[in-house]
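Comments concern the structure below.
Chains here go by letter, A, B, C and D, matching the order in which they are written, and residues are numbered from 1 within each.
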Amino acid sequence: MSGLLDALTGDAEIAGCFSDASTLKALLDVEIALAAAEAEVGLISQEASSRVAQVCRDFTPDEAALREGMARDGVAIPDLVRQLREAIGEPHAKAVHLGATSQDIIDTALALQLKAVFGIVDDRLAAVIARLDLWSNEQGDAPLMAHTRMQRALPFTVRDKIATWAEPLRRHRERLAATQRSALTIQLGGPVGTGDSYQGKAAQIMQSMALKLGLAAAAPWHAERDRIADVGHVFALISGSLGKIGQDVALMAQNEVAEIVLAGGGSSSVMSHKNNPVAAEVLVALARFNAGLNGTLGQAMVHESERSGGAWTLEWMVLPQMAITTGASLRNAAKLIEGARFVPLT
Amino acid sequence: MSGLLDALTGDAEIAGCFSDASTLKALLDVEIALAAAEAEVGLISQEASSRVAQVCRDFTPDEAALREGMARDGVAIPDLVRQLREAIGEPHAKAVHLGATSQDIIDTALALQLKAVFGIVDDRLAAVIARLDLWSNEQGDAPLMAHTRMQRALPFTVRDKIATWAEPLRRHRERLAATQRSALTIQLGGPVGTGDSYQGKAAQIMQSMALKLGLAAAAPWHAERDRIADVGHVFALISGSLGKIGQDVALMAQNEVAEIVLAGGGSSSVMSHKNNPVAAEVLVALARFNAGLNGTLGQAMVHESERSGGAWTLEWMVLPQMAITTGASLRNAAKLIEGARFVPLT
Amino acid sequence: MSGLLDALTGDAEIAGCFSDASTLKALLDVEIALAAAEAEVGLISQEASSRVAQVCRDFTPDEAALREGMARDGVAIPDLVRQLREAIGEPHAKAVHLGATSQDIIDTALALQLKAVFGIVDDRLAAVIARLDLWSNEQGDAPLMAHTRMQRALPFTVRDKIATWAEPLRRHRERLAATQRSALTIQLGGPVGTGDSYQGKAAQIMQSMALKLGLAAAAPWHAERDRIADVGHVFALISGSLGKIGQDVALMAQNEVAEIVLAGGGSSSVMSHKNNPVAAEVLVALARFNAGLNGTLGQAMVHESERSGGAWTLEWMVLPQMAITTGASLRNAAKLIEGARFVPLT
Amino acid sequence: MSGLLDALTGDAEIAGCFSDASTLKALLDVEIALAAAEAEVGLISQEASSRVAQVCRDFTPDEAALREGMARDGVAIPDLVRQLREAIGEPHAKAVHLGATSQDIIDTALALQLKAVFGIVDDRLAAVIARLDLWSNEQGDAPLMAHTRMQRALPFTVRDKIATWAEPLRRHRERLAATQRSALTIQLGGPVGTGDSYQGKAAQIMQSMALKLGLAAAAPWHAERDRIADVGHVFALISGSLGKIGQDVALMAQNEVAEIVLAGGGSSSVMSHKNNPVAAEVLVALARFNAGLNGTLGQAMVHESERSGGAWTLEWMVLPQMAITTGASLRNAAKLIEGARFVPLT
């Protein structure tokens, strides 16, 4: 919302996956894939499909009209389709969005956007893990004091400490991969989720779109939001585990504890002797923020009837923020451990 | 985050209160008031105070440096003060931010921003209440069916129905006024919240700043975040009560119930017979979103020691969004009831 | 749920305010007050009112039937009234619950229960504040190191530290008093909240009940749940501020920091050298738990139509737990500061 | 907390899995398995292991002392082990809990308790699915009106409607099975999570315990709480999907809609014509409650250092309630669909 705050708690790359431009591109990619698949099964002609693709590929929408449509209809698709049909012109205007409902396009487009996010998140997780492994190789044998219940317990090693941080991250990579397979799917149900509007070809069209878009196949799931909740859960887990690292570092970086030395901590406006563990603190804030959003996302599972405007809108308000928060956690974690060194127990 | 989604769930006017430009202006207004108050009590000269005001009034910061400072220090103030001192030049460079800590400026600036938000919210509440009252005057005697536990209960009147909607909003106006008096206060504690850095004049400076900025006076409250939680609570109450209106309208607008007729509902991309109660649904989504954020804001009360980077950052992520969500609720509520008519029971 | 866990995070006294026995007594007290008020305005005879009071005062319900009724009806009142009418017998059977709906009785009974809770909470707050004040008197001048952003900042005093803890608690006492006046009210609306079932005497009956029961007067508020949210907010604030004390103590009690010495910390099953700050940690857990519940309570503001079974049930699941959590926070806080001493900075 | 409320929103069978008695039995079973495994690897004698098992199998603890220990130590284990050692007597007193830390026993015992819960939940899920399938077989071809955004959309069939309800439940059974394999594991790390206290035999002991207790093997995960979050997520998903069914049924059961007829709805204390969809409403309340708890459970991922008293205690407050809420959801769902019939569209 604010460029200043975003410098601390935002993530430009992942926010970019949810920009209007990215969203529009995803929506148009889905319309292209739909038309292509419909041409394959004979619902529209190849020529019509080509015309749809041609227009969608370079489409510059009337943005003001889109926003008005969004505010009026609660979804951008009706106005977008209107604009597209105008641009496509006769005789192929009807070939775009044929048989589809707004939710088919929007949920599938979201899956595309999330796939991009998953890629970024996985890359960053891998990088953080690699750095932790390197750190463990470098300082692994060094002794540290373990703390339980906020008290000194017994010595262990840097290797033990880092393992506690890295192991959950390794599991999160597996969870990301599994969630991509199960939750990043095509949505294709037509107006009331039965696929009937696709004239008996819904399953084939869906399979074809899955291949074209690199998404998993799935029966229509308009009002079944468990997959969305799974995505949010993985995001919350990642920022949660990174929040634990942040909390640990902030505790170890206390002057009185001095078990870790950080590079580039924050300065104070008046206390020049201070070296604040800013990135560590931010990781805690991001973890708590994402945990809260995850609880709110769960409210959206109570998705009434065949399509809930309320529950669906709630997802839109929450899930992209969870992705961005997760990205910001990874960004801050990378920054935090860069140049950090443990101070061995003597 | 997204212009498209903002058209539905955002609020440009209230978001504007938290833009970088607004934040910067608020921060500079606080620095000006601080310098003026410090001149009054003799900590700096009038000339110095005038120079501070002169520079702060038209200050154009190096934004990239501010963002870097934010990312590094976790707060924008250290770099902003550095830039200001450079701009002020000798001999008055030290006169700005004298005795202050980042939190003094940021928390006070937030109070200023919230005061602007409270004004907007109160105006909109008054407008919604006025329209409800008008509606009640117009259709008040008309009979409606009351529903309890999702079942038809007994008849009552439009007046009864509207009273259920309007009464909480009237109470929220009182809560806003009370919260403004108790929670929108000066923060002036210096580095560790004791006011010692103000050389024995902290109380006088604080009182003077309160007068100048139109905020309430308060002893330093760096690590006491109950006032912030009060603000969030009022926001969540407002969107909660409006969410109840939205839920009611969505239920009454069901085709089978048909107790209310809405103007300008949303259209469907494929079902042209539909008139979706979009604004009503959005009110429900906004209420649930704000309720969740309020729970997260509560996590920030566990504010460790004399200043918590983690808990404080969490507030920044949550509270402006709560304000915007509240504004969006009022915006959608106004739109929803505009032109809505009850269909009397026959 | 568990006696073992309750020893740590429960509160027997406040849980007692929500026991079946206490709930039943509150429900019966409301029925007695209702009948008495109805006799005053002539809706029933004095004799009938006396008979209602006589039966209600010593009523031993068929508990199994009550539970069955609860499971079937979603509220205990229909079966309780059936039992009461049977016990009262003719000619006064109909005099009990005359004109009332379940919600009138249940919401008013909850207000009675909350009034008892508020009394306990306020007493405990006062005791904690008194002990903090005593402590401040004893050690107030002693120097301590203030910490900001998890780093040593500058010295301040025990008096400063304790003020940060006590000031919010003083404000909470004011909030409790204000909330008691505004939120602990009579509920009297009849089946659909209009009071019509009280034959034109609803306002008088309500006023009379308010006097008899020591609750505030209020127009019917069946579907207006802002007062309930206010109660939850005060609870969350109290445990939040106590959680901050707990977090501070846990940090100060770290071996490496050693700014505070606690009496009677927890022992470890294997590390006999440890003295765990158990009560301090529990305060943090209780604060986070209550903050989360508060967010959930906010979901219940979306209370559809004239009475929502779903939203109302959600309140029942959340609010008593919030009260108990608040009580447990105060209990643990009292235990924590009992015998704690700061170790002055040298 | 309340027998009355529990009749509506509780679950005696699953609550029983977390009773003091069940918890104690689980803790003792873990101590037995630990001693047996330690005997296998030669850390203690077979005779010692037998003596441990003999005492643990029929152990009647001093409950008051356990509770006192819990309140003092924050965990019950130190006092339990003290009591056990006294009961075992010399020469084998030290053979119990050898090398273990409280968390090893408590986390493993929790896994045992959760395994029992998972079994119950899975059985109930299967039963609900079976009944839905039966219903679909009976009425599947009957036409219903689908509703999107709270408006009549287009007709579909009972089969379509039920599929929307049943498909997520089928996925939840898979999730339960997967989560059991990944998250219901042995915890065996010793005081600081390194396993060193098991004298080089930690991995063997852990594997042996896994076999004996029917839990999955895992490296120590004291401060890695992602598995706990996974368990909470599955619970929240189940109650979320059932909440969606409840919401749908409550909407369909509206008098004006009348698409479903329920058996045994709730009665009103004053409106005898009403048949309230109580179980449906309760499903919504339970879903929202569990979603909120899930958000709070996420806060516990910020588990500081090698063992956090605060974060761990928070899990204890939340996770059993989530299990019970899930059970209550399944119980109410079974009750709701029992005897429910759709009213075909005409």
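Brief remarks on what is shown
We take it that a residue touches a chain if its C-beta (ideal position, glycine included) is under 8 Å from a C-beta of that chain, and two chains touch if they have at least 3 such contacts.
Please read all numbers here as calculations on a predicted model, not as lab measurements.
Under the contact definition stated at the top, the chains bordering both chain A and chain D are B, C. Listed options A-B, B-D or B-C contain a single repeat of the A-D interface, assigned here to B-C, on the basis that more than half of the contact pairs agree by residue number. The distance from the centre of chain C to the centre of chain D, each centre being the mean of the chain's C-alpha atoms, comes to 27 Å. With centres set at the average Cα position, the gap from chain A to chain C is 39 Å. For chain C, the set of residues that touch two or more other chains comprises 74, 101, 147-150, 153-154, 191, 246, 250-251, 266, 268, 271, 276-278, 281, 284, 288, 291-293, 295-296, 299, 308-309.
Chain contact summary for the complex, chain A toward chain B: residues 1-5, 7-9, 15, 18-20, 23, 63, 66-68, 70-78, 81, 97, 100-102, 190-191, 197, 246, 250, 264, 266-271, 276-278, 281-282, 284-285, 288-289, 291-293, 295-296, 299-300, 308-311, 313-314, 316-318, 320-321, 324. Contacts from chain C toward chain B in the complex involve residues 74, 101, 146-150, 153-154, 156-157, 160, 164, 167-168, 171-172, 191-194, 196, 219, 221-226, 229-230, 233, 236-237, 240-241, 243-244, 246-248, 251, 284, 287-288, 290-299, 301-309. By the touch rule above, chain C contacts chain A in their complex via residues 147-154, 250-251, 253-257, 266, 268, 271, 274-278, 280-281, 292, 295-296, 299.
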